[in-house]
């Protein structure tokens, strides 16, 4: 089983040199800490910044410089600032190469639900619907099952949808999975100590297992 | 009869304090020279400048600073520069208060033709179609008749249309005319030495004459 | 050059009445028009519609307008971090229209730019698409979204000049320049107001044509929602 | 930070082939990508589609590409000032699609911003509306226009950094930032190329994400089309 840090580390290995990346709130934000140093990538913050840096030192904190999670941040060299319409022009126009975000459910055809639970206070979708409708390359970070033990990798999403046919890969505490273009969760890697059978039993949607499934190494 | 300078001078009197104004090529450009000094107005150039100033001195000429007619220009204090989509956001969004442009023909319901003569090389509409489709307040500067003596104030335009139901006022060498919301050219002022009968005979569209028509004074 | 200066927030906002539609700049508490909001809080206003990406926190920003029951409807992309908001929403006192953030930004820009509608992929296949025209372009589905304008847009900039030209700082820019375009009356408050001619025309983010009133604000608190530092 | 630097115009443009769709920044001769055009002129190219507000003059800018019969189609708002252009047009060698300037600008921005279509009032009641969907919003007529993208966008900026961030000067900005957004490959030539980190992030007009290749141009002629001075 992977902890949150390991999920972030495994996702970080999917990053390629030269990518512009948008990281969602939660585990995705942690990914920034594990991007291999030899890669040149740029993080986009949808509230208007390209070139997100680490959290600032106490004396560098600037109320006018926050990320989309409203945390104070710093900028790396070569950053650019812009307004919200320009920010989503980048996202909608397909200029952001990789989007990493959390989810409540993913369906076997790549639909994602991550913004609304009926009966609970709805806070809003923020930029998630724009991101999932536009990105060519979406990786989801989430737990394989809910706290109640219900699979979150489903045949069809039960919660209100955020976007359709958009998720490319999923990293959970149990596995690395890719969503096939024709549908279906194809198992690529197992978390250390997790068996294929366990993943099979905890995946409600169609799981595709071909050949030997390697175990992740950290 | 008014010469071009007088047409420009008469149009300048229509300008109100605080207006943002787009001036077309030709006589409209001359209007800038006759705006009363006590008025604070701002000239917009659709290639990306608010705050068009006079032509520069020889030593101030900057290839990176031109107007929409491609002439070198200067900027007044408080100018702003922007890209072409922002420029037409101003125009299309109704933020420009007054547009002054030339025309080949105007119809009695306010249609304007000023971009294309069939059989002749067509250079393009430039920004004219955006301007006439969007502006609340359009004043046309033109000769009352063509060189062949044909009226340019028509029942219907004969040349390809640039925009429909958009012209508010017309200043010609003979008269100041307003286009009525319900259609028709209402005569407001005569050029010095020009009779109502002459204007009537040279206006093909419906001319509305109510009461005494004053003569312009320069 | 046209002079847009007014003395202060009170005079700038005095003709904002109940039932008005307002746009308020800012993302979270970053770049919000603090002085204008403070001025509105002294007034007896009700049934405002507020278009703003977020709704402030309980005791700051739009949250304070909610506390005083001034707002009938919020149009936002994300409205967390606000207990009073939740209470009013559940009790039915407050209506909320949630819009994807990029669609909200683009709708505001479109409204200001005279574009009545545009197609976007955001929300296809979701409840956001309900009741909206859907159309395929080049094999992909899009929905038709409308331009948005407001009676008043309240924006906050870093520097401004008397002609209404604005320059923003950092991520405090966010929705402010878009809303400046989309207000029938746009009121800009700035940290530093300078005479026309002192700002480099190349650096201006919002040209003065979009701003009807400008004043230098005071006592900016610039509250930080989530102070996060590297130890 | 990602480094977008390439040595020169020749290397930046070497994969531009015949039949490509190009966008070229500039208004008249102001802000045109002189170095990229010069590099293309050394190549044996034909049947290019050029999207540019204007078509240069006979012996400068896109006019030189026309002289060498490289262009099959121009998409522009105004194409005067060019005798060879007129000759090719009348002889049928060259096709021209004329688009209202504001529509052209917005179509390019839309293409870059992932918006496949939008409604504009420009051209309603004219031949520009022929064959296009027309629709009424709030009592006014609009036509549907499509987003535009290009295989390559060639843009010219004043300053740029190695991350591809661009700053324009004066009215040489015009279509350049929009085209930068709309190129599958965007090539930026700049008068001064500086290391990433030397440009103020607040002053950047085109964020580097839109630029795939950047180089410092040389020998800028910056020809003036209509030198007009106050005596």
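First chain written, first letter: the chains are A, B, C and D, and each begins at residue 1.
In this text, contacts are C-beta pairs under 8 Å (C-beta built on N, C-alpha and C of every residue); 3 or more make two chains touch, one makes a residue touch a chain.
Only a predicted model underlies this, so the values are computations on that prediction, with no experimental measurement involved.
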| item | value |
| --- | --- |
| Chain located farthest away, centre of subunit C as origin (C-alpha) | B |
| Mean-CA-position distance for subunit C and subunit A (Å) | 29 |
| Length of the line joining the C-alpha centres of subunit C and subunit D, rounded to whole Å | 33 |
| Chain centre separation (subunit A, subunit B; CA means) in Å | 55 |
| Multi-chain contact sites of subunit C, meaning residues that touch two or more partners | 106, 109, 113-115, 120-121, 168-170, 202 |
| Per-residue overlap in subunit B, given as positions that touch at least 2 other chains | 49, 81-82, 85, 88, 91-92, 134 |
| Interchain contacts, given as pairs of chains that touch | A-C, A-D, B-C, B-D, C-D |
| Sites on subunit D touched by subunit B in the complex | 27-31, 53, 76-80, 86, 89-90, 98, 100-106, 108-109, 120-128, 158, 168-178, 205, 222-230 |
| Interfacial residue positions of subunit B with respect to subunit C in the complex | 18, 20, 40-42, 44, 49-51, 75-82, 85-86, 88-96, 134 |
| Parts of subunit D lying in touch with subunit A, wherever the complex brings them together | 1-3, 109, 111-115, 161-163, 165, 181, 195-197, 201-202, 204, 207-210 |
| Contact footprint of subunit D on subunit C as seen in their complex | 106, 110, 113-121, 135, 137-138, 140, 142, 146, 167-170, 202-203 |
| Residue numbers on subunit B that touch subunit D, as the complex places them | 45-49, 54-58, 61-73, 81-85, 87-88, 91-92, 111, 121-130, 133-134, 160-164 |
